[in-house]
Each structure stands twice: as C-alpha cells, then as structure tokens.
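First, the structure itself, so that you have it in front of you.
Chain naming follows the written order as A, B, C, D, E, F, G and H, and within any one chain the residues start at number 1.
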Amino acid sequence: MQTEILIAGFGGQGVLFAGQVLAYAAMDAGYEVTWFPSYGPEMRGGTANCTVIIADEEIGSPLVAHPKVLMALNAPSLDRFEPQVQPEGLIVANASLLSRPVERQDVTAITLKANHIAEELGDRRMANMVMLGALSTHLPVLTLEQIKAALRDHLPKRKHHLLEANYRALDTGAARARIVA
Amino acid sequence: MAAKGWVEIDETLCKGCELCVNYCPVGVLAMDTERLTPQGYHPAALVEDACTGCNICAVVCPEAAITVYRAVKPRVRATA
Amino acid sequence: MPRELMKGNVAMAEAAIRAGLEAYFGYPITPQSELLEHMAKRMPEEGRAFLQAESEVAAINMVYGAACTGARVMTSTSGPGISLMAEGISYIAGTEVPAVIVDVMRGGPGLGNIAPSQGDYRQVIHGAGHGDFFPIVLAPASVQEAVDLIGEAFDIAEKYRTVVFVVADGSIGQMMEPVELPEPRPLRRERPDWAVSGAAGRPHRTLTSLYLKPEVEERINLRILKRWQEAEANEVRYREYYLDDAEFVVLGFGTAGRVALSAVRAAREEGIRVGLFRPVSLRPFPYQAIRDLAQRAKAFLVVEMNGGQMLEDVQAAAQGQVPMRFYGRMGGMVPFPDEVLEEIRTLAADPPTPTENPRARWLAHMMPA
Amino acid sequence: MTVAAPPKTKHNLKLIYQKPESLTDSPTHYCPGCTHGVAHRLVAEVLDEMGLREKAIGIAPVGCAVLAYEYFNIDGVEAAHGRAPAMATGIKRVLPDRVVFTYQGDGDLASIGMAEILHAAGRGERITVIFINNAIYGMTGGQMAPTTLPEQVTTSSPRGRDVATQGFPIRMSEILAQMDGAAYVVRRSLHDPNNIRKAKKAIRLAFEAQVRGLGFAMVELLSTCPTNWGMTPIEAMNWVRDHMVPAFPLGDYKVAPELQKLRV
Amino acid sequence: MPRELMKGNVAMAEAAIRAGLEAYFGYPITPQSELLEHMAKRMPEEGRAFLQAESEVAAINMVYGAACTGARVMTSTSGPGISLMAEGISYIAGTEVPAVIVDVMRGGPGLGNIAPSQGDYRQVIHGAGHGDFFPIVLAPASVQEAVDLIGEAFDIAEKYRTVVFVVADGSIGQMMEPVELPEPRPLRRERPDWAVSGAAGRPHRTLTSLYLKPEVEERINLRILKRWQEAEANEVRYREYYLDDAEFVVLGFGTAGRVALSAVRAAREEGIRVGLFRPVSLRPFPYQAIRDLAQRAKAFLVVEMNGGQMLEDVQAAAQGQVPMRFYGRMGGMVPFPDEVLEEIRTLAADPPTPTENPRARWLAHMMPA
Amino acid sequence: MTVAAPPKTKHNLKLIYQKPESLTDSPTHYCPGCTHGVAHRLVAEVLDEMGLREKAIGIAPVGCAVLAYEYFNIDGVEAAHGRAPAMATGIKRVLPDRVVFTYQGDGDLASIGMAEILHAAGRGERITVIFINNAIYGMTGGQMAPTTLPEQVTTSSPRGRDVATQGFPIRMSEILAQMDGAAYVVRRSLHDPNNIRKAKKAIRLAFEAQVRGLGFAMVELLSTCPTNWGMTPIEAMNWVRDHMVPAFPLGDYKVAPELQKLRV
Amino acid sequence: MQTEILIAGFGGQGVLFAGQVLAYAAMDAGYEVTWFPSYGPEMRGGTANCTVIIADEEIGSPLVAHPKVLMALNAPSLDRFEPQVQPEGLIVANASLLSRPVERQDVTAITLKANHIAEELGDRRMANMVMLGALSTHLPVLTLEQIKAALRDHLPKRKHHLLEANYRALDTGAARARIVA
Amino acid sequence: MAAKGWVEIDETLCKGCELCVNYCPVGVLAMDTERLTPQGYHPAALVEDACTGCNICAVVCPEAAITVYRAVKPRVRATA
C-alpha cells in the first residue's frame, strides 16, 4: 500500500517544509517514506514542489506520474498537476491564490483560502500548515495528531515557540476544509 | 503638466525591489502594493506629480524597467 | 540507532564522519553542495579538517596529499567536478593510496543542468583518469544504501589501495528518507606502513606515481591490475527482486533501478513474470550474474537515466545470449514508473529479436524521424 | 494607490533614459534588487554608446550570471566555471577585431578561475573583464567565496569565515594591477546611484582600453546578493557601503597613460 | 609531393596547418612537445594564431572559444593533459562545436613516464568528459597515416560537430618516417551559421552547453546521440592484413598493430595461417567486422600496449563466438615482434578454450605467483 | 695533473662543511652546473640546522626537480604538475605539526599552478615554498615559461618571446606579497656564492615562518638552466646576474614583523 | 627484405643524427624506412639510441629485439646490445671508448677508434660520421655514396659548410674499418 | 701542511661543472682533465697547496660534492 502526495506552490510558500512534516509523521508512524524535491535550477524564483511517498514496503520510484494526493498552493500548480492526480484521488487547493475551482469530477477536492486564514491567524507564513490541516482530514495514512506530534518532535528547539501557532493553523485548516467535489 | 520629469515603469520587468523608491531624491515613487506583476511582484509606481526627471531611479534599477522623460522648454528661436 | 529523516547528501556526509573521516576537501556544486555544507558544520566540531578548496582540481590534490599520510579522506562533487579531478584521480590510483569520491550526478555534458542523471557512468568507470587503472564504483539506490556504502567505501579503498567512487544520481543526493546511521567509529590512530609522516627513526619514505623506467612502471601497473582482479573476485554487489520465476528481467542501477522496481511490481500485478536486477557495484560489474540471467531469461530491459551507458556492459555480459531492449531518459529527466511499465508490457507482448539493436530502436522511438 | 497622472501629451517630453538596445527584452532571473542587473545595464549602455553592439562577443560565467547571454542582445557564449578568460582568449585570437568581454563572479574569477584571469592579464590579452564581487557564491546557495569577509557567515562558513583555517579575503584588483599586461584595473561599487555612475565610466574605459589595443582591462564591481546575505535589497546596498567598501577599497589600481588622458 | 622524412609530431602539426588550421593552443608535455614547437614556429609564419596556454585546462578552453567562432582549431597533449582537458572536452561536446585533439600517449597512470603507451584508450573513448557524448577517435599506426587522419579529423569534426581525437602512442609521435604531405588547403573564409562573430545585421546568437530544462537537455542529448549514430554508420575504419585464409586473427591498433604485423609475417613464414585486424577508428569501433571475423576464426589474439583496454571491446564485439587470448605490455613497454610471434605460436599450438579469461591468463603469465 | 697532497694527518683539521644529512647519497640527474642542486643543498642544510629532518615532508614538482624526493633524505611525495601547494595543504591539514614544503619550478608554480599557489598564500597555509625561477621549462626541453624574458629564444618562442602575443614575464614574488595570508615572500638569486649565502638565510626564515605558525612563506630563487639556455654553467651564472636580476629584482617583498626581529 | 640498424651511445655523441642520415639515404633510395629513438626520460644525461629499419615493404614493428646491425659508440652500448644482434649480423664498435673487443663470433665485427680518428681530422664531434663510414663498408642496403648524397640533400643550408668535413669523416671511417671477427 | 684549509671532492658526485674552480678566490682548484668520474665527467681537484678553507667552493657546488676542512691552531690552554 502506497500513498503519493505531491505538494506544489511558489518558492517561499513552505512547500518543501510541509512535505517534510508529512515525511516525519510517516516515519514516526513506522512507514517507509521518501521526500523528493524538484530542486530548481541553480538560481532563484519560480515554482517549488515535492513528492512524499508513504508506504509499508521498500519504496520504488521516489517520483510518480500520477499521485494519489495533490496539495496545490497556487494557481500554476493546480493547472499543471490537476490532470495528473489519480482517479479517486484527493486535491487540496489554496483558494486564496486560485482563479478557478478544481475541475476534476473523479477526485475528492478540498479548497480553502489558506492565505486568508493564515493572515486571520496572524501569520501569513502559516498558509502551508493550514493546507496540511485540511489535507489531514482526508489523508488515509496519517492523522492530524500524528502530524502535530511530528512537528513537536522534529522542529528544531529554537523554533519551538512557533509550535502553538502551527498547531492552531493545522487545526483551523482541518476545521475549514470543505469538500467541493 | 506641473512636473519637470516623468517616468514609466515596465511591469513585465519590475521586480519590486524598492531600490528606485529608496533612492528617488524627491520621493515620488512608491510600491504599488495593490498590483501584482506577471512575475508576481508588487511593482514600483510614480505616485506624485513632482518627478524632476533626474534619472536616478533608472540608474539604480537592476531590471532596466524605468524609462525617464524630461520636459523640454519650448525653444525660443534666436532672432539673429 | 533510531531512524532519522535525512537528505541523501547530508546522510552521506554524516556517514563518512562516523566512518572515521579525518579530512574533507571539496568545492560547491549542485546537486552535491549540502554534503560539503554538512562537512563545513560538523568536521570542525569534531576537530577534524574541512576545507573548501579553490577548485575541484585543488580539492582532489588536497585529498591526494592527505591520503599520502594514511588519513581517511574524501571529496564530493558532480559531473564537471569529476572531469576536473581526472588528473588527480589518476595520480592517486598511480600512487596506490586510498581515497573516496562521491559523485552526485547531474545532467550533462558540459554545464548541462542540475537535475538527476546517470550520465557520468562511462566516465567514472572507464575514464576517471588517464592510464591503466580501475576504480571501484558503488551506486546506491536509497539514502540508507548510500549511508551503508559510504562506510564500506573507506574499507574497500584501504583494502585495495585505490579510489572508490560512490555515484549517487542527483535524486539520491536530494531526497530525504529515514535512515539508520551507524555508530561512530573511533579515528584510526595507527598509520599504514607506506604512509609519509616525517622520517623519524626510520628510512625516508616516498610516495609517487612516477616510474621513469618502463620495466618498473609495468610492474606497478601489473600490481594495480592484480589488486583489481582481487576486487573483481570479492567486491561484486547487486540486488535481485522477483527474479526466481522471472521470464523478463529489468536491469537498472540507482534511481533508475528504484523506478524500475515500481514498474516491475505493477507489471507483476498485471501478471507479467518480470523481475529486477539492480547492480550495486558498477565496478566490479556483476558480469557473471548477468550472464547467468541471460541464459534463462526471455528478454532483458535495461533502464537508465542516460543514453545507454550501462547497456553496453550488460550487452558485453550477456554475450548475445538474450535479446534486449533499452529505455533511457536523458539530460536530467527521471523516468516515471508508468513509462517503464509500458516498456515492460511491450517487452512481454512483442519480445525483441536477437539481432535488434536496443539503442537504435529506443532512439528511433525517442526521436521519430 | 493613486498613481500620478500621465502627461497630457508627450511631445514636449524628451526621452532621457530607456532600456539600452544591447539588452534583450527577456526579464532576468536575478533576485529582486540584485545588482547583477545593474551591472548588465551598465555594460549594455556602454556598448550602445560606443557603437559596439554588433562587434561584441560576451562570455557568460558559471554563476548567477550564467544566462547573461540571454540578456545581452549580442553574440554570446557560455564558459566553463572560471575559464571565461581562456575562452575569451580563444575567441579574440581568431577574431582580433571583435570586442570580447567576460562577465564573471568572485567564485568564478577569484577562486577556480584564478590562473586563467592572471594569465590573461599577464599576456595583456585585449579583452575586457567585468568582475562582480558579491562576497559569496550566489548561484550554488551562498557558500563562502574567496572575497567573503572575515567572520561573514555563509553556508560553508557556518560559524563565520575563520581566517586561520579558511584564509583571508582575496583582493583581485590589487593582484591584477601587478601584471605588466594589464592596461586598466579599477574597483568600483554599485551600492548607490553615484557609485553606479562612476562604475559606468570605468566600464567605458575598460572597453576603450580594448578598442585601443592597450591590453587587459578589468572593472571589479562590488555587488549585492540580497538573497544569500539574507537582507532586503536596500539593506544589501548599505552592507556593501558599510562592510565591503572598507575591505575592498575603491580606486584605480592601474590605468594606462593613454587612458588617463581620455575623458568619457 | 615528394616524400619527406618527418617525426610524427612534426608531421601531424604540419598536416594540420595544411588542413587549414586557424588556431592552435597547447601546453608542453613529452612526448608531444615537438608538435607544439612546430606550431610555435609555423603558425606565426602563416599569420595564424599560436598560443602556449598556461595549462591544459586553459588550452582546451581557448580551443573551445575559438571553436565557437567556427574556426578550425586544435590542441595536442598527452595523458595528464587529457585528464585536465576533460571538463573542456565535455563542454565542447555539449555545445556541439567541432575541435580536434591529438593525444600522444605515454605511460601512466599519474605522472607515469614518457615512454610509448596505449593506456589512455578507455579514457579517451568512454571518459573524455562527464555526461553523455561520444567523441570520434582515430588511431594511426604510421606517420603517413597520422598525417592522413589529421586531415580527415577536421572534416569529420565539422561534419558531426563534435570532438575528434587522434590518438598516437608515443612511438608514432617520436618516430621518423617518410611522408607525403597533402597540398595546403586554403583557409575557409565563410563561417558556419551557428558560429558567433558579433551580431552584425542579424539576431544575436548564443552557444552554450547549459540547458536548464531537462526536457530541452534531453532533446540536445538525443540530437548528439543521433549524430553519433550517423558517425557509427559512416566512419568505421580498419585495415586487414592476411585475413583471407586466416584461422587465427591478431587484433591491435597503432604501434601494437604494427608490431603485430611483423609477428604475423614471421608466423606466416612458419606456416601459421594468421592474419591481422587493425582498427583505425577506435570509435566508432569496428564491431561488425570483428563480429564477422569471430564467426570464422579459430581464435583471436589481442595485442595492446596497455592492460587489455581494447580487449574489452573486442570481447563485446565477439560475443563469445571465438576463444581469445591477450598479450599486453604496460607502463611504456613496447612489445617486440618476437614476443607476439611467440604468442601466435602458442595460440596455434594450444588454442584457448571458449571460457578462458584472456586477461587473467595473461596476468598470471606476467606475474607468476 | 698534480693534485695537491692530502694533509699529513687530519686531526688538526676542523670539519667546516660536509654534505648535509638531509640529502641522500644518490647522485642527482641534474645537468652539470644546474643550480637546482644548490637549492637542494641549501634546503637540506637548513633542515639539518633547524633539526627538522625527521619532521619534514617535501613535495616534489613536475619539472626537472621531479625526483627531488630521492635526493632529500626526508619523507617525500610527488605532486601533479602545479598542484604541490594543494597537496601540501592536504598533508599539513592532517599533520599540522609536521614541516611541509613544496619545491617548484616556474612552469609548475607560475604557469599551470598559479591558482594553487595564490590560494595557498591567500589561506595563509603554513607551508614553505621553494620556487626555482629559471625562466624556462627545463624538463620538457626548453619551452617558454611565464618568467621567460622578453625576446628570450626558447623552443616555443623560436623568434624570441614576443610580449605582444606571448605576454610579459610574471613576477610571482610581487604578486604573492599582495596576499594577506603570506608571512614571508622574498626573491633571492643563486648566481654567485654571496647570493647563495643570502638565499640560505631566506630559506631559513621561510622555515622559521612555518615553525612559528605565521603563515605562508615563499623564497623565489633565480636559478640557471645551462642546458636549455645553451650556455656553460659559468655563463649561465652570469646570465642570471646580467639579465634575470634586472628583470626580477631581488628583495624582501613581504616579511611578517615576527620574522623581521629574527637573526638567523 | 628488411635491415635493422641499432645505433647506441651517450647523449651528445650524435647517435640520433647518424640514424637520421641513414634514414634519409634509405628514403632517397626508395626504401621504406623508420627511425625510432629511445627518447629518454624528461631529463638530462644517460644513454641514447635509435633504431633504423630499412625495408622494401610496409614496415611492421619500428623496434626489434634482434637487429641485424649494431653500431655501438661506447662501452655500455656494446655491453647491452651485443648479445642481441642477429647471428650473421654486423657490429661496428667505437674502439676509442671500449675496454674490451667484440666477443660474438657469429657476427661480422668492425672496430675503429672513431673518437681518435675524428680528433685527428680536427673535429671530435665527427666520430659518428666516422662510424657511419665504417658501417657503410658492410651495410648491404646502402652505399657510401648514397649516404653522402643524403647528407648533401638534407643537411640544412646553414650547415653546408660542414659538408666537406663530414665527407672526410665518412671516407676515413670507411677506409679504416677493420674487420676483427 | 702549509695551507690553512683543505677540500675533498667526492668524485661519485662531481659533474665537472667548473663552478668551484671559477669561484675559488685563491685559484687552488682546477678540472682534472685526465680523470673521468663514474658518471663520465672530468672532476674538479685541489691542485695547489694554498686553500684557505673559505668554504666558497662548497657554497657554490650544486652536487654537494665538496667537503671542507680548516686547520685549527693547536689550542693553547688558558692558564686561569
């Protein structure tokens, strides 16, 4: 059994970190896991994405053409990856930066205005955690609690003052996740 | 037109670095926090009518995004 | 030891430190730089030598110098850096001192790009430097395997007094996986009896790759070849998956091997009797194991992230005993399992003829006229 | 936000400045506020002013400016890391009447490319070198450069550059001024409009040196890397002024007599 | 043209000049230096560019620059210099510009010595630089052949926009033989449409080996591979001696091939039906011709001045169709015809078994335990 | 020929000079009168005098001194062409309490090895460099070196070094003195006994600099190549005096304050 | 038909040049020829030798284990190469620098004091030509006249004033050649 | 023994370069043109009895072939 999660957005949106949190949670839960970044060209700007694969046996390819789950933090990511999600899959999209709804009818789609929610919560950089919270509601392999525990156990000590804010973002994201399709 | 000068900022190029804003000696430039360029930045914009056409903003702009004009006095023909 | 989630580059660096690395010399290059950066942080903490050299040329010659003292020493780089190290690597091999080199491969030739690739295969194996010598080359397919092979690399390098490469395609360097790191080994304190250290109370020693008399150089060359022959006998490593009843065999190393593993599993679900052979030591190459497979398989499919570099060795091993296909992605492209699955399906449905040229067929497919 | 109204008519407005012809229309990939862009613009302005656009061949380095050949509207090639001066030599020797310049970062020129730049200068190779000293390896993610300041934190000097083990900043203009083949070696900075203007004059002279066949010419430009320094563009400009200029004194290190007389 | 007695190095230099060489960049190294010295004398006489670079690294990058202008350009060096040129060679290949490189091979690895050798075979063929590309490699066995191949090398390099090596073992560089030089060709004045020259009256042009997008790099890689495929189809060269009725076939290139020729003649006088196959293009390698020979010969003997580098390619070509022996001298030793004759006698009297490992048997013979 | 009679007894003779312990008994392969041998001897004498023989590791270059490790009775290694400073760095970093020196020719140090020597100096690498400047590539048969004088005929400058195309002689001491990491950079000559004595003092100081951990130290020695210059050994000595010394001024280019006080 | 001539001596004795003269003569006479030096290590001193092979078909190996002819200019060369000469071969040795006679009985041996003769003739550097003259008396493939013509046709113009002295050395060598075995 | 000094020249090392001969301030060295060293050179030799033991020849000898001695005055014991 294997779950592939593709997280995509702008550089700076915390895409890679969100993936790492999932990877930590999966590892702690005893799964095999790979986190694979699309490390961009040796220069700035552009998009960022990473693939997290969670499985219960030795993981083959760290990349997949058709992930089960897509977490899209901006419009170009949704445009590019929506068609690739597996039928019956899951798409979590950040409505704050979208100009259109999720179009696929054969997937579970969750949208929420992650940037707006994060700003509401007082820290715009928490949009990725808001999204993760939403994702957790429909992710078969990991629970919100496991994600929180991963944050707690792996966030470097000097960043622990941010834990509460992260939890709040996760919770709010989970609470506001709305299935739209 | 009151100002002596005028600048145009090419939004396909501007990256919102704020250098022009910072160095404009008369403070007529500002970041347009409401707009986003196609590259996803807030562009600089001329927000007051007092540009002197001093060209400093263009000198400092890393993206060559600024075009500068200066008002010319209508030429008085010298009667020889 | 508990598992930690680590980036391949960082894990390799830490594994080297735990293997008793005494000195690291390197130069930044993507997608390898985190390895150097981890060394920059950790080696001084351990009171050991870290130096960012002025270039890869300097880095390999610093490695060469340190190796001559019998210290455990390594460097890491990517394609262009491997090229720049070629002269130094040849000197190290010619001087018969041990050293470990990590190549985190990226797209080439030339400046290319920084995406994952396996394009340095031929260079590392056959052309790591001028003159007659054979480096030992290990290719991990996961972060854990990278950690394990780094540890072994030092022992092997010292055993055969040679250069050992760990070639990780960019993906292995950049991805994170849970790993179990080994216990730190204590630094070795005794020095081998060939090492230079100052001629205190013993005759002076010299280490060189210069043998002006061809007769003498020939003897050294033969000695190097002899050690290589021993390595060929002892150091072959590979992994087999689903081969017991396999009619079709996919062969691939590193990330290409992993991708193929996913495809093989999917194909098995479709009922195709296919297995995977993943070389771990690219040199010595598992010729015999592949020759044996060639005797019993219906067809081979070689999958690489290059234009068929290992393919040539598989062909040499198979000696025409089995028809073969090739599927490669180049220039930094990583194949998806679906692509390989499709190739497996074709292989099973329409097996290759014995005379078909695998590269030509693939090239025609990739570049239709 | 209220944007100032455009002028009623433009016909009494004189064009004072516009993007030079020697730049292409492509947006660059540089980070916002990075003065690589300023340096590009200055070179392009000088090529325009001297009428050299159709004679120029530019050589891009390995470094953040690796795609410079896409931004300059001139013929261009991409060099191997540090080898731009050798490549320039190859080009200039077969096309001596073209105007050949390299554009190199501090890792490229002062670290791996040290031998090539010194020998190009020693030979008095008739090329122009634009040397961007930003005290860091920008492209590869902020490692230490030969020009990194003592104590400066980088990804490969995480506790700050320790001069005892990692050496001292290397001052290239001072070194290159020692070479008999050098006709023009100066250091300028891009940290404010005034210095940018001076930098442009220097670039002009560095091309004049080539056109007049006087020998090797280099302009070292102190430049920013807001991204890897972890600063805003404006903070970065000030950091150049406050930290780099004291360590890398601006000035004329070598100016051939023929150039001293020139007014540009 | 009358015959002149010329040293190989000098003859190759003069042949390049007559082929319309516009620029030479190089660095002294024995046994190649006379080539550079002849250029130092003649190129300025012709008003063309000669420059002794500060190193081989600089030399190849000067070649790279000049090649980007569409000029005919070359360099020459030996082992250590080839290693130092690896990065530049890869850039030239990746940028798809033509250049000619002469490698006058000496003993290695490392500093080795300056005696004649064929130890750079694997490096030049497989590892001339990082990333996916294939240089074309020509190996003369006489001064005249060196002259002829130099002339062709430029045309081939331009035809396939690639790097062409002429690999002469030290003996070819150092010996004198009568040669007929070709008539000087006029300098080409038109420039190819990809060359940089200043964007006068046309859109600006760029030459690069950087393709940040893997999809694009992959297309370039495939294009390079496609051209190589064409070269494989068109550029195979070899010479056959006494093969018509041969039961036994000796294979060797360059000087080893010549030495073998003497031995073959002597063996013929003894009534042994033996012939010689001498590859002239080492890449593309004459796989098919060798495969055909393997079908009809009783046994092969591969002779080299290295530890069996071409042997591996001959084995790949023969695909186990013919039993094989190997005889090599290393480290700057040149085999005498008598030694090869002795090997031929043994081959005929006591033919190898199909499974015998040629290198292992030879090594046991060279280094008895 | 009548050879002077040996002394009746030796017991009232004091030994003034004998071959230093830090040299082996092997005869060298150097051409008669080549001052490479003098330089070897001086280094060995200094090692003896400072008691460093058992702590020293010497690095031979690619050049005529390629077999130096056979002549020095100390541990030694052979570097790749030009890379001795990098190799020395590797050794010194793992054995910081050993005394590490390189011995390099002008082709080795000033041509192909330019980057390595400059960066070793820049890092203040605690090594000693003995730099033999004989204005030629001795080993490979007399090609032009970076230090070849203008108009000097060599096998690769058959019409004399043409500075317009082949560049100017490079003066390494002047360049290296620019490096902050350098503690001691001087130029001496081996063209007569008096200068040889001064050279020895300099070599002593260059090792003192290392032992005291002051930084990088180099002694440049003007040296002869009778063979490739086509001169007798004595003519060659005079050629150094008359042609090389004017082009490469002898002197102290950089001396750390701690060394200035030292009397050796 | 193939004749191999090995010429050996100290560096500086004109060994390589003597070989070249033979090679020129052979080329001018229409033969195939190779001249192969043992180019020494990249440093000074020591011995020098070269092999000249003259044949009427494409020449195989440029080196042979057993040359037909040995011209030895000093003692070490004779010591080293005498045993290798083919039976029925020819040895020409420079008695000025030998401490012993040629010992092989199965070859034609010619000795002459080439250095002494050259000094007599007024130029010690002509010893190599004296030896060549002696060699020419028993060399099957080339005549003395052909060797002289080769010198005339291939010596660079600026050295032509030395032609006469060379001829004299050749002639004297030919005249004084004494078969000793 | 009249001379104040004495030199020994190691003929396995001497290459006959003549530098010592040239620089000896009192001219007591010369090349022995009758002898050949094992390496085939004419060695230098002390030919007169007037060596001062000044050491200059040893300083200049590239082969470290010269050993130098100087005569010591018989020590007059200081009577304290």
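By our rule, a contact is a pair of C-beta atoms (placed from the backbone, for glycine too) under 8 Å apart; a residue touches a chain by one contact, two chains touch by 3 or more.
Fair warning: this is a prediction, and the values are worked out from it, not measured in the lab.
Supply the minimal count of touching-chain steps required to go from chain C to chain D.
1
Count the C-beta pairs in contact for every pair of chains, then give the pair with the highest total.
Counting C-beta pairs in contact for each chain pair, the top pair is C-E.
Taking the mean of the C-alpha atoms as each chain's centre, how many Å separate chain A from chain E?
That pair's centroid distance is 55 Å.
In whole angstrom, what separates the CA-based centres of chain C and chain E?
27
Report the inter-chain centroid distance for chain D and chain H in whole angstrom, where each centroid is the mean of the CA atoms.
62
Going through chain C residue by residue, note those that touch at least 2 other chains and give them in order.
Within chain C, the residues that touch at least two other chains are 30, 51, 54-55, 57, 80, 87, 91, 95, 110-111, 113, 208-210, 212.
Could you pull out the residues of chain B that touch at least 2 other chains?
Touching at least two other chains: 39.
Multi-chain contacts in chain F: which residues touch at least two other chains?
30-31, 66-67, 78, 80, 111-112, 114-115, 119, 140-141, 146, 165-166
Mind pulling up the chain E residues that touch chain D in the complex?
22-23, 25, 49, 51, 53-55, 57-59, 61-69, 71, 73, 87-88, 91, 95, 196-201, 204-210
Could you please specify the touching residues of chain D with respect to chain B in the complex?
1-8, 10, 12-20, 23, 27-28, 30-38, 40-41, 44, 192-193, 196-197, 232-234, 237
In the complex of these two chains, what residues of chain E are touching chain C?
57, 79-80, 82-84, 86-87, 89-95, 107-113, 115, 117, 119-120, 122-133, 208-226, 229, 306-307, 309, 312, 315-316, 319-321, 329-333, 359-360, 363, 366-367
In the complex of these two chains, what residues of chain C are touching chain A?
Residue list for chain C touching chain A: 3, 5, 30-31, 113-114, 142, 170-171, 174-178, 255, 258-265, 334, 336-339.
Tell me, which parts of chain D touch chain C in their complex?
Those in contact with chain C are residues 62, 66, 78, 80-82, 107, 111-112, 114, 137, 139-141, 143-144, 146, 155-159, 165-166.
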